[in-house]
């Protein structure tokens, strides 16, 4: 029995961004989280932040001729210069993060556990890791959302009872959006709130390493 | 099942507040407040100070580089300007001390610098009606910056061997004694800037003093500005204070209002 | 007896150095060096890195947000630009790792972010020829800023509960655990800026990354700039880094020099 | 026997500034120290700093019509805007001071003792003091020079064996320039190096609260 289709990254990003309010200050990690920059309606005023010192940028630029190499986010991706944009130093950028001035951070994840711990630094087979800005972001933002595939390429669980990889940040994750559903971590449990079309809770539990609590009002994802 | 995202869900960002009275209306008795500037009519958040005086909040902890001169300020602080250019709308926190609103000052300049200069806060202190914590400007500035930056405490080499270090932890780093100083976060920060946009981005004119330092070091930062410009007019490289540090912006009147009692 | 003061006693201030090779000539083996930028051809001090490679200093402690990709950098990092605009003169500290010059890295990105991306420093690490201290970018930036600001150490809430806090003091402030991090001062800081004047005042273009953070956090700060302008052309409100933080300034060549081995 | 004339503040300032080298970064306190700004020859490039966040200013402006209220130093004194001037915040200004980026600070003093301690915060008769920027300046500058009158208005000693007033900064003063001479503090002793015209060492000792060591090459002040 083949598994149902998983959610497209664009849809995953739309699930994350549907709750953003105008004025929210949101840091987007590289990879999947950055998709969020591209699905925000242009009439919304969400201030996007990237830790190298840019705040208030718009969508990723795909037309190379329009790219300004001085307006880019982490990962050397050129982004749109929105009115009201600000540049800072790295130390001020993290003053802003650590000082509690971010509303949301959307991070990628390798493992998230039911104690809200996040591991997103790859150590396996590597002599060291890459912490990047995630430790500060996960601590400093009022809300940390992890946006990731529900399992690894080779089918290993990423939503787990207890992270086995080194922690990037402890007790920080409030929501997990994956390609099969939406989970909130509440009171030490992973609560399944929304499911991708065709994915019932049992099937999601089957690819999840933590026991899922099924929300009373669990429903198919809406945008 | 997956439907397209709907449009706008709320108002555009607009941090401009119509009046100074509105801007400070929710400062509660007992609040801790950063007052920016450096004892000059040209960098003091004068109209915000006057609005706090009108609003009536009392029992304040005031964090400010100096505790102010009170209503005599404008003349004394700008005596080097031709009389016709002297601002008549300079109010510093000495006004709040005069009105008995300040329970505690955290400051670098607690008193008049001469025997015959006696300022309002000093009189309150002498009368036992207020308390004060005096520290050097560097530690004061760094403690405020730490609050903005989410740093709980830091070790500075300035202070050991003086009264400032009393009761504080002193630890050696590389053989040099350092004193542990903690972040000074406030409920409100009142700062003065030159231009702002509706996102709250600020630029300053001249030395940025404690105005830049304090913006973002409080739950609510309120900026008094000369001018609000269109979004995009302030260039991203030139903005001194990112708007995310600022919650409210109020524009100064085009003509000076010389009485602090005037609703504005 | 009291005679008038005599005239000039020395040369005017001029921090402009003629060549990159001159600018880095005194970096000794074993030095600790801040490398500015953030993995982009447009904010990396590329020509300074190349000059250090030519100069030959080894056994370096390199402080940098990432440990670099080495000679493959330019193509990989600017693949989103039209080929004709891709800089061919991007050198990052991966070059120094390739040459075996780095004994220790203090960094946030020690390795390639994918299994199949294996960078020079990572190979040295795996071979046991280098060591590394990995920490989050916020703590890295703040430790460097602390060095610039003369702060010996600080307590940050970021780190407790993770490997970063191992062996470090953890203390509660307001019930939240904080880890003690110490200042990271270097012998040299190599930074990239946009414009400079002969006092060493700097302005940056775009995100200022670790370039602004590191300027002033070393005994000697060397700035690689696109342009030197006349004194007074940079407005006092717009200068990002005061010249007192900068000891040397070198101008980038007007045409890209694509080989790191070319004396410059 | 009336005492010889004391040095004029202008001369005192010239004694301080004669050792400045081009490129020196110098903080000037208010009061007497500020005189230094006015005696620097215009062809010298000394970068003057004031702690509110101004670096690289020129002489104090006395012609009111030329004053720019946005270019002033501590004490609300308008100063000349030199090319290359920079404005900063207060926190960056003190990063610069504390971080060791100042060459010289010239401070006023109430008492200086032979252990290099400085007291310049007035407490007598006041319920509290004014520390200002002096604690950081005295620590951070490579060299601290105290520029002050040798005695108080009512004749009390200011150069003393041990400060009795609360210390502003410990072990920081390297040179004292007063209206009767120049003293360096070396190895726990106040060493008299130069004397004002008409003031011999004995007479200076007579108004000094610490035992003076007379330098072998003590001489009349030269500029």
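The chains carry the letters A, B, C and D, assigned in the order they are written, with residues numbered from 1 in each.
FYI, a residue touches a chain if its C-beta (ideal position, glycine included) is under 8 Å from a C-beta of that chain, and two chains touch if they have at least 3 such contacts.
This one's a predicted model, so the numbers in the text were calculated from it and none came from an experiment.
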item	value
Touching chain A and also chain C, the following chains	B
Chain pair with the higher count of C-beta pairs in contact (C-D, B-D)	B-D
Where chain B and chain D are represented by their mean Cα positions, the distance between them in whole Å	30
Chain centre separation (chain C, chain D; CA means) in Å	36
Rounded Å distance, chain B centre to chain C centre (Cα mean)	34
Gap in Å, rounded to a whole number, between the CA centres of chain D and chain A	56
Multi-chain contact sites of chain C, meaning residues that touch two or more partners	142, 145, 149-151, 156-157, 204-206, 237, 240
Interface hub residues of chain D, defined as touching at least two other chains	54, 87-88, 91, 94-95, 97-98, 140
Chains touching one another, given as label pairs in label order	A-B, A-C, B-C, B-D, C-D
Of chain D, residues touching chain B in the complex	50-54, 61, 64-65, 67, 69-72, 74, 76-78, 87-91, 93-95, 97-98, 122, 125-136, 139-140, 166-171
Chain D residues touching chain C - in the complex, by the definition given at the top	7, 11, 14, 17-18, 21-23, 25, 39, 41, 43-45, 47, 54-56, 81, 83-88, 91-92, 94-102, 140, 197, 220-223
Chain A partner contacts - residues on chain C that touch it in the complex	38-42, 65, 77-78, 80-82, 85, 108-115, 122, 125-126, 132, 134-139, 141-142, 144-145, 156-164, 204-213, 240
Touching residues on chain B, where the partner in the complex is chain C	142, 146, 149-157, 173-174, 176, 178, 182, 203-206, 237-238, 240
Residue numbers on chain B that touch chain A, as the complex places them	1-5, 7-13, 145, 147-151, 197-199, 201, 216, 230-232, 234, 236-237, 239, 242-245
